[in-house]
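So, here's a batch of structures to check.
One chain, chain A, links the two complexes that follow: it is found with chain B in the first and with chain C in the second.
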Partner chain A sequence: MAFPNLEYFKRDRTRQLFLIWFFLTPSLIIFTLYRIIPLFWNGILSVQFWSPFGESRFAGLYHYEEMFFFDEVFWKVLWNTILFMASAPIGIALALLVAILVNTQIRGRNVYRTIVFMSYPVMTVAVGIIWQWLYNEKVGLINYVLISLGILEKGVPFLGHFSLALPCVILASIWQVIGFYMIILLSGLQNIEPALYEVAAVDGANAWMRFWKITLPLLKPLLFLCFVIGIINSFTSFDLIFVMTQGGPAHATDLLITRIYTVAFKLSKFDYAAAMTVVNFLFFLGLTLLANKLSGGEAGAVETER
Partner chain B sequence: MRQYPRWPIHLILLFVSSLMLIPFVWVLKTSLSGENIFSYPPALLPRDPHLFFYVDVWYTIPFFRYLVNSAVVSAIVVAANIVFNSMAGYALTRNFPGKRAMILLFLSCMMIPFQVTIIPAYLITKKMALLNSYLGMALPVCSTIICIFVFKASFEAIPKSLIDAARIDGLSEWRIVLRILLPLSKSAIATNVILAFIWSWNNFLWPLVIIRDQEMQTLPLGLSRFLTVVEDTTGALYAFCIMVLLPGLILFLLAQKEFIAGLTTGAAKG
Partner chain C sequence: MKTRWQVVGILGAAFWAMALAGASPAQAQKKMSVLTWNIPYFEEGFKKWVVEFNKKHPDIQIERLDKKGTEWSTFYQTQVVAGTAPDIIDIQGALWLEYASKGGLLDLTPYMKKEPELAKQFYPEVLKGWIYEGKQYALPFIISKTLLFYNKNMFKEAGLKDLPKNFDEMMSSARKMTKGEKSGFMTLNFDWLYWPLFAMNGIELLTPDLKKAAFNTPQAVKAVETLAKATQDGVINKISWTGRWVEPNDAFAAGTVGMFHAHAPAFLWFKSKAPWVNEETVGAAHLPGGWSTPNSHSILISKSCKYPDAAWDMLKIIATGEGAYALGTGTNNLTGNIEVNKRLLEYFSKTLPVAVPVLKTQLEHLDKLCGNWPIAKDAEVKEAFYPELQNALLGRKSAKDALADAERKVNRVLQSR
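Up next, the complex of A and B:
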């Protein structure tokens, strides 16, 4: 027996592997149960005639056909969702401005950071209620300010207005998420070597050029992360819309996610809602991959083994 | 670097800060006084503050019931998140066959927003007979991928020699995690606690889908129900708002330093 310890080490290794998988199990179960299975089940549901009581039958592309060719509401909410996603860069740009400003050596920068971030931990339902009231035609703050400044003559029912309602909801959602963007971008700014700026300044680059040539390229991965969060926000804003407008007036603020909820749990058409979910998910995935490509592709890269 | 004037920066930041703060101030004011914007002249501070609306909320709706439900669900979620995420985070710092596949799987799960799973998730929960239950509300958020990576990043920042030394001294894997890694990962734990708490405390869509029983409703559900009952000018609604958003805010303000530190290491890595 040249290596008397080998057997022991082997057993130890097996034991460790067992432990590693044991450690991974709870999370794996949860993700399988609530992410992976639902994803595939959605796909299956979408090609079935589903009923809570009887057998479900194969439906082929029936639901998709109905959705694309006969459901005007679907196109309306898809368009709203696109607008909602397209507004993400506005919030990110604002957050970038704030992040750059609170990254300077000014007094009270920590207070500013805290204040801007404070809207993020707040319950979205409460945010919806607060903003619904800010927009109120008779007692809302926004109408009051606009009337006092002489911009408006009388109150506007912002959330009851066909073309104003969606931008108003988007504004509220930007208000809530902007602090989160700011924190992410701030962490990126703090990782940039100050020497880079000094060298550039010596070489005669002005502040504007330094921003475009140093700050933006180095922030790309985090800007991408913010964009993904912004797109996901079009899902999480369900709470906001449910409280503020319920998707109205006449679907003006209905997003795919709110429509899916209504179709599934109010109209009990689980199969049709599942088909919409599939479209929504593919749309989200495509947009993310596109953004990843545009941002240089490094953000989605898996960490390599060390 | 060159000196630049400070006042424009302060001006912009003050403007942004006031935009962020005014809704809070106004809600607080209304909840204390019930006076709306048309009380003349408009004032920033409530003229005659009283706690009537808070008492009103406490007694007119089963606020305490909602509070208990929310607290129980949040407690389950926070505890489960710390245990499960630190376990998974630790496993991912070790080398084992299939590690790459695991990380890929986790990262792709991150790309499945919970909202797009609600229909099958509802059916699964129904099959497991967990509708209308605390566990049913908590289970989907009992482990979160971002937090797993926050733990992973934090564990990897701890010197390997320390862990090896412990191993040579004969500490078991369990003890290494409990006695060495976790005590050195305070900011990761703080991030986990805050995020898990905020997500479960504020969670609306999922309870809305699976809770039918009046007795099991959480605060967000109660709040949205209350909204449909009262006129939106009454102070009670805003008192309710303040009462539900206070816990999240306080927790965040208490631990914001650790929270931001933990979040940024996770974000920079993930």
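Up next, the complex of A and C:
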């Protein structure tokens, strides 16, 4: 019987590999159990006729055909999701503006930073309730102000309005997350060497040019991070929608995620919801790959010594 | 060293002894669970049911579960998938139809046939509401249906003396009460609760065989146009078509709505928020024609129940005699049991007299129940119909186009797998 080559286990590289696997394994097990297996199971479910109460049978692409060719609501909620996602840059731009303002030497800047950040730790359900009242047609603050200023004659049911409901929900979502974006971008701004600005100023660059040529390029990785968070936010704004509008009126604020929940648990069509989840996942994956490519293609990569 | 091993040995033996002692009774104990719908406060009455049940089945332990309405179906369906479905369930509205059609519920017809006297205890129209494809799936739990609450102050201000006798009169009275912030009419919209507005116009949702949409008619177009115009003019409060439960009830509690079409449980909700509500200021009546949509709760048995005979005994305890009385007094509701309701009305006339006129309406015109079709795809049909109706009522589409689109969608649902 040959003994294993002990030299192999004594190598530094082997030890390093062992250490890496030692720390990775618990996370990988959890990731496999709670992400990979459900993902595959969901894929299988999407090509079956399945109900919690009965036997399942093969359905082929029936649910996908139904979704793409006959379900108008699916296209509506997909479009809403894209609009929700497209609002992320607005929030990031606002956050960048606030971050630049509170990064200057104005008096009480720490207070301003705290005030802007305060919305982020608030529970999403509470955010939904607060904004629901703000938008209220009869007693809402927004209608009160608009009527007092003479802009409106009578209150507008913002959340019951087909065209206004989604922008209103998006605004609430931006309000909640803007503080988080601001903190990320502020940390980036504070890491930029002041000498770079000084040199540029000596070279005759005005404030606008300094922003475009120094600030923005150096903030690019953090802007990408904020954008990814914004995309995730648009896919996970379930509680905000659920509290504020429940997807109404007439699906005007329904997103893919809220629709999937409705289809699964209110209509009891788990198989169809699984097919929608697959599409949701592929859409999300495609966007992430695209965003990664746009940011240089190495997001999340670990820098190693060469 | 020897002592250390002795200690380990003793501890090990003690552990196994405790584990075995603990496991044995649990394994021997039979268990059944009862899932109720948002009545966490109903503890005393539930204990009474269990005491009564254990007189006949001392070997079965009852576990109590309660979930809010928003969580109920998610919880139940995930439990079904996990193979741990609650044995006895209290369901609101038409949710049970989907489960029954997929074979998830126990057919109670054989039990009912064995005890023919039992059915006579319940209102036949109410009991009929839980028949699907000729099989009885449930006994009544608590019952409610829609009615018309009216703000007597607003009626007086508008010079209105009589209640409306038909749809046109109702809209006309509502218009007279509309002024500034005040609107004349409002309705709840979930679970087909708005359907009496269509029924009083002679509109049917489906053909008698329940296989095709039947609502796209000139009368329906006219009715929807009237409702849409009234909504646009503020005669019907817009919350009618966008709110669910809290918003409409809060609006009526604010005293700015003339007539409120809602089910009986709304009364205690808005009364709790409006000190001005009393017999002098708020009246309870039937909608013109006596039409109403039921929103009752029923009690059913999951098909996976291991002890169906015992579960049936529990159902009888809950739906009849002292068990049903405890349910009514504990939740301030009427039950589906005729004799029990007589006692409950006596009880409420002493403890909650202001609610008695409201509760009395719940037992009248039971032949005019509508919006309760026994179709497995009830939720899907609702989903296909209501957003299109919203489109028309909130001015996004013409009534004609919205009803045509709704017809196409409803037919697709009915014809699909």
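In this text, the second predicted complex is superposed on the first by the 269 of 306 C-alpha atoms of A that agree within 3 Å, B and C clash if a C-alpha of one lies under 4 Å from a C-alpha of the other, contacts with A are read in each partner's own complex, and residues count from 1 in each chain.
Going forward, a contact is a pair of C-beta atoms (placed from the backbone, for glycine too) under 8 Å apart; a residue touches a chain by one contact, two chains touch by 3 or more.
Since the model is a prediction, treat every value here as computed from it, not as a measurement.
Q: With the two structures laid over each other on chain A, which partner does A:27 touch: chain B (first), chain C (second), both, or neither?
A: In the superposition, A:27 touches chain B alone.
Q: Would you mind checking which one, chain B or chain C, touches more residues on chain A?
A: Between chain B and chain C, B touches the greater number of residues in chain A.
Q: Examine A:53 and indicate which partner it touches, taking first as chain B and second as chain C; both and neither are also allowed.
A: The answer is second: A:53 touches chain C but not chain B.
Q: Between chain B and chain C, whom does A:265 touch in the aligned arrangement: first, second, both, or neither?
A: Both partners.
Q: So, A:206: does it touch chain B (first), chain C (second), both, or neither?
A: In the superposed model, A:206 contacts neither chain B nor chain C.
Q: For A:129, select first, second, both or neither according to whether it touches chain B, chain C, the two together, or no partner.
A: The answer is first: A:129 touches chain B but not chain C.
Q: Is A:70 touching the first partner chain B, the second partner chain C, both, or neither of them?
A: second
Q: Does the superposition put A:119 against chain B (first), chain C (second), both, or neither?
A: Only chain B; A:119 stays clear of chain C.
Q: Across the two complexes, what residues of chain A are contacted by chain B and by chain C?
A: Comparing the two interfaces on chain A, one with chain B and one with chain C, the shared residues are 265, 270.
Q: Would you pull the chain B residues touching chain A in the complex into a rising list?
A: Those in contact with chain A are residues 1-2, 6, 9-10, 12-13, 16-17, 19-24, 26-27, 36-38, 42, 80, 83-85, 87-88, 90-92, 94-97, 99-100, 102-107, 109, 111-124, 139-140, 142-143, 145, 148, 173, 194, 198, 201-202, 204-205, 208-209, 219-220, 223-224, 227, 232-233, 237-238, 241, 244-245, 248-249, 251-253, 256, 260, 263-264, 267-270.
Q: Please output the residues of chain C touching chain A within their complex, sorted ascending.
A: My answer: residues 73-74, 77, 80-81, 98-99, 102-104, 181, 238-239, 241-244, 251, 254, 256, 303, 379-380, 383, 387-388, 390-391, 394, 396, 409, 412, 416-417.
Q: Residues of chain A touching chain B in their complex?
A: Within the complex, chain A contacts chain B at residues 16-17, 19-21, 23-24, 26-28, 30-31, 33-39, 41-42, 45, 97-98, 101-102, 104, 106, 108, 112, 114-126, 129-134, 136, 139-141, 144, 175, 178-179, 183-184, 186-188, 190-191, 197-198, 201, 222, 225, 232, 235-236, 238-239, 242-243, 257, 260-261, 264-265, 270, 273-274, 277, 280-281, 284-285, 288, 300, 302-303, 305.
Q: Tell me, which parts of chain A touch chain C in their complex?
A: Contact set of chain A toward chain C: 49, 51-54, 62, 66, 70, 72-73, 137-138, 157, 159-162, 246, 248-251, 262, 265-270.
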